[in-house]
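In what comes next, subunit A is part of two complexes: it sits with subunit B in the first one and with subunit C in the second one.
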Partner chain A sequence: MACGQGRAGLARVAAPWLLLLPAFLLMTYAFVLPIGSFLEYGFYRFERGRLVQDFTFETYRRFLLDPYYHAVILDTVKVAAIVTTIALLVGYPLAYGLWRLRSPSLQRWFGLIIFSPVLVSVVVRSYGWTVLLADQGAVNWTLMRLGLIGEPLELVYNLTGVVISLSHVFLPFVVFPIYAAMTRLDPSLREAAMDLGAGWWTTFRRVTLPLTLPGIVAAAQIAFTLALGALVTPALLGGGRVLVLPLQVYRATSEINWPFAAVGGLALLLMALVAVVLSNRLLRYAEP
Partner chain B sequence: MRQGVVLEAVSKSFRGFRAVDAVSFRIPEGSFFSLLGPSGCGKSTTLRMLSGFEDPDEGRIWIGDQAMNGVPAYRRPTNMVFQRWALFPHMTAFDNVAFGPSVARVPRADRRRQVMEALDLVGLADFAGRKPRQLSGGQMQRVALARALVNKPRVLLLDEPLGALDLKLRLQMQVELKRIQASVGATFVYVTHDQGEALTMSDQVAIMRDGRIEQMGAPHEVYDAPATRFVASFLGNANLLPVSVRALAGGRAEVALGTLAFPARVGQAPAGATGVVALRYEAVRIGPAAQGQPVRTRGRILDASFSGSSVHYLIAAEPGFSLTVEDRHKVDERPWTRGTEVDLGWHGDAVRLFPEAD
Partner chain C sequence: MPRLPHPRYLALALFCVAGAVFILSPLAIVILTSFSATAYNVFPPQEYSLRWYETLAAQEAFYGAAVRSVVLATATTAIALAIGTLAAYALVKYALRGRDLVKGFLLAPIVLPSIVLGVALFIFFVRIGTINSDLSLLVTHVLVATPFVVAIASAAFANFDWSTEEAAMDLGAGPVETFLRVVVPQVRAGVVMAGVFAWILSFDQVETTLFLVRPGQTTLPIEMFLYLQKWQDPTIAALSSILIVAAALLVVGLSVAGRGRTPADILRQQREGRR
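And now, the complex of A and B:
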């Protein structure tokens, strides 16, 4: 009896660990070990196209002191911040509209439309945007026809094009966490606010917005970290003028400059971590 | 000039389903009015049309001399206490109560005083700084009440506000609510499916069924003189016994149950020669108390269930029917045991005749 109970107890304790084991092994192999070798390679040196395996802070020193890399880091954070902001500004009203739709079947259709950017390959999507945003593209053509501008705007092969394309593709990652937070709201809370004299705007500002803040924070985390790591879009739409860190890392790996790739990779990881920690801080204010 | 709350033939349908069907009533200013009825009968929908969350398809709503049709919820002189209270989870009790005054731009110092007065009224002044999740059900209920009352509504709407509380707390809150109503003087419109609650607290009760009002009146009126078979069986406990109708004139009838003939009052006149009578459990006297009652018979006790203040007996009556009788339990008196032969008696006025089909 006692033995049987002991075994059942053991199974109960062991089951979660067994279920976590595959993920744990994968994480060790694909994340922890590479980080270890990142750390190791970061302390090597790259000289005249060759890896020199002696312990030195040389690569870190160059990365941290060279104004060129300051500009790169600043650009990377800037792109990520602008993209996150735009995705939130477009995504929140979209999520709100989706939430307020009366018909569930319309909700499903709009959900699919919002999701669709992810269904298209990044290469196809980027070329699509170059066509749309080009000097003779549909956007400039329309604006000129409407007489809003005299000269075509430079919308592509610069920061603008990258930001537009990234905001577009991250939209579903922003809309759905916010939408989920909205559907978790008790509908009688909005009614209570209106009953107490609040119009639409006051109800939104004092009830809906604070209570959907966790969704906004989750959305911002996802968009920001994804934007930090974006490579293909800046490469194809940046026209060589958007020198974000992933591009630098990519170039370093193709030159087999492992020390620089390692340091750049670690810097990206660190930025993402800082973003996550900061936004989790913010969440505390939204706690009930 | 109009007074109180008036509904004139108000209807509301949801996708063709008539949730509220031509409901009319008039609530005197400052009184306690209950909408009572089984689940799904349209009580909440009626209340939500008063609060402005739903607009009626037909009919008119008046509060005082103001027509309410088309007036949004935030411009009505009403406030609502929700069934699950709907407190704002990210605000303290104080901020919840202060929500209305701050929206109304009451100056900060006045606002503070009003909020503390309201919290005081419900006995929660010491809990002002707590968030809803740090409060018990009863306390949240009081905060919800204070949050509505602080706005000095002309009409307070309550949608089963005590439904989620346990029995003891519910009885205590019923008394509190009456006290608070007396002290603020607002009109209370109270929705409940608990008949005890409605009868205890209300000046007027409306009994609803399938979107219509079956009967309206003071609690003792609707209890003593149910107008329909539904009301007779919904309020309190009544035996519904099939009878043949011997004679029917004015408000009185002569009916027969097997071999027993007795008089009855007419609730609703049956069309044919048969009907049902409603006879309340507690209207039947048992044992020595049956002596001197106008209608008398005998029966055998089939079952007895003791519930503290009273005993319910299931009895096979000699004329060939069975009925349930409620007898008040007195200290040191043993309930009758199963198989005992007992006298039964009741007064003709306690019996009401209705048609067979409901």
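And now, the complex of A and C:
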């Protein structure tokens, strides 16, 4: 700054905070205060259809000791883990294929195909899967035509349908972090391995896979946390049989059982945080 | 001389084709079903008709919801872009004390499961008595969109050549003029991307919005979600097909805009931006 040191100096200190002010106001009003008041409700009780506002650990005690909620938490983690695994198993080869495609236009189109479901509402995608997986749907029709099964498989309104649909919904979020890790890879490393006589499998196992591990961990973190909080897909494809925690929180909120919604929501939040912290730890080990 | 690719590459190519089929099939089946003549799902459809589009045209709830969603998403995008771009500019340009902490705070809503955010905001708005106002809905969507704008715009600003800004100021342009005529044009691609992202994000909100809308005053995804919990006829397929075609047009548009740029180029740009 050439002139007006004193005032310009003050302006320089104040300017960034002024620019950040709208964001801070928004975060305080719509994030900090609501989350605070939400957590407060966890210390209230819900009895005989009424909210009782006195300080108690009753709701926490009930939630933590009831075997039903243990099963719900276990189911929630199980669904998220299966979905993450399937999304990684499908997503890694797709990312690899995208990376190895030699024609730029083909690569662009394939990238857009993988990305495009993000542009369509989760409600639409989940609805598509209920149609596809129905007893008289396209998947069962194809399997019967091929003579692989005698009668329709039950693919929807159970865990199978929820898992298939969620894996589809999160696939783009898995492919792109892995693909990004692959583009960071130095091609000469693979060439060197090949030149030194390593076969493709050894090269993949000893060079490509370890070097793309950060991408895998990042992808797993995104898929797992998104799957933990998924509501629309279990609601539409679970048929009332997949009672994951977000559905319980949803139901408790509609029944004005806010203390339970708060405790369940806090449990979800903690599970997501544990996943994030764990994967950040793993990421530190995985960074080459 | 062309030679047959190695079986390994053939297997990879086959897997990728199967992957593309997996990705596109739930969307394709929705479009096929929307032309089915029967109310129940059966594959392949026995007869074709336009009756579900006619049913859809008679459902006025969807019109109102669609208009409300578009208005909400557009307002959300405008506000989130303004708040988020300013914050990102401040975060990248000034060596703030505790910058990582501030950034982490502003990005925190991304990590929170959306259902938790939705319920927390619902309880909060009930408590302070603003639950039935459209403003509460707008604030919620702005809160969801802003962190993504901050993240994308920060990457764009990190790529920015700050000397051009100083040059403009030295030549006598005011700070606002400099920002609008020198800074914004250079980070346009990032800001446009952030805007598109914010719009889609707002248009697709279900979990955060579910409790905030009044019956008869819902947004499009909520209206569809509630409809699907009651009925399963292909009216929803007809509506979904229209949304899918709109998304497909957007994809073609993106593809034309990004001609000559592979996904790798885009990622490389972003990465350089982050440095």
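In this text, the second predicted complex is superposed on the first by the 257 of 288 C-alpha atoms of A that agree within 3 Å, B and C clash if a C-alpha of one lies under 4 Å from a C-alpha of the other, contacts with A are read in each partner's own complex, and residues count from 1 in each chain.
One rule holds in what follows: contacts are C-beta pairs under 8 Å (C-beta built on N, C-alpha and C of every residue); 3 or more make two chains touch, one makes a residue touch a chain.
Just so we're clear, the structure is a prediction, and the values are computed from it rather than from any experiment.
**Q** Taking the superposition on A as described, I'd like to know which of subunit B and subunit C A:T202 touches: first, second, both or neither.
**A** A:T202 contacts subunit B only, not subunit C.
**Q** Using the touch definition from the top, say if A:S121 reaches subunit B (first), subunit C (second), both or neither.
**A** second
**Q** Is A:M27 contacted by the first partner subunit B, the second partner subunit C, both or neither?
**A** A:M27 sits against subunit C, while subunit B stays out of touch.
**Q** Between subunit B and subunit C, which makes contact with more of the residues in subunit A?
**A** Comparing touch counts on subunit A for subunit B and subunit C gives C.
**Q** Figure out whether A:A193 sits in contact with subunit B (first) or subunit C (second), or with both, or with neither.
**A** first
**Q** Classify the contacts of A:G97 with the two partner chains as first (subunit B alone), second (subunit C alone), both, or neither.
**A** In the superposition, A:G97 contacts subunit C only.
**Q** Using the superposition on chain A described above, determine whether A:P210 touches subunit B (first), subunit C (second), both, or neither.
**A** first
**Q** After superposition on the shared chain, which partner residues are touched by A:F38: those of subunit B (first), subunit C (second), both, or neither?
**A** Only subunit C; A:F38 stays clear of subunit B.
**Q** In the complex formed with subunit C, which residues of subunit A make contact?
**A** Spelled out, the residues of subunit A in touch with subunit C are 2, 12, 15-17, 19-20, 22-23, 26-27, 29-31, 33-35, 37-38, 41, 90, 93-94, 96-100, 104, 107-125, 127-132, 134, 136-138, 140-141, 165, 168, 171, 176, 179-180, 183-184, 200, 225, 228-229, 231-232, 235-236, 246, 249-250, 253-254, 258, 261-262, 265-266, 268-269, 272-273, 276.
**Q** In the complex, go through subunit C and note every residue touching subunit A.
**A** My answer: residues 8-9, 12-13, 15-16, 19-20, 22-27, 29-30, 33, 40-44, 82-84, 86-87, 89-91, 93-94, 96, 102, 105-106, 108-109, 111-117, 119-125, 127, 139-140, 142-143, 146, 150, 170, 200, 203-204, 206-207, 210-211, 220-221, 224-225, 228-229, 232, 236-237, 240, 243-244, 247-248, 250-251, 254-255, 258-264, 267-268, 271.
**Q** Within their complex, state which residues of subunit A touch subunit B.
**A** 186, 188-189, 191-199, 202, 206-207, 210-211, 286-288
**Q** Report the residues of subunit B in contact with subunit A in the complex, numbered from low to high.
**A** Result: residues 51-53, 72-75, 78-80, 82, 84, 86-90, 99-100, 103-104, 131-133, 147-148, 151 of subunit B touch subunit A.
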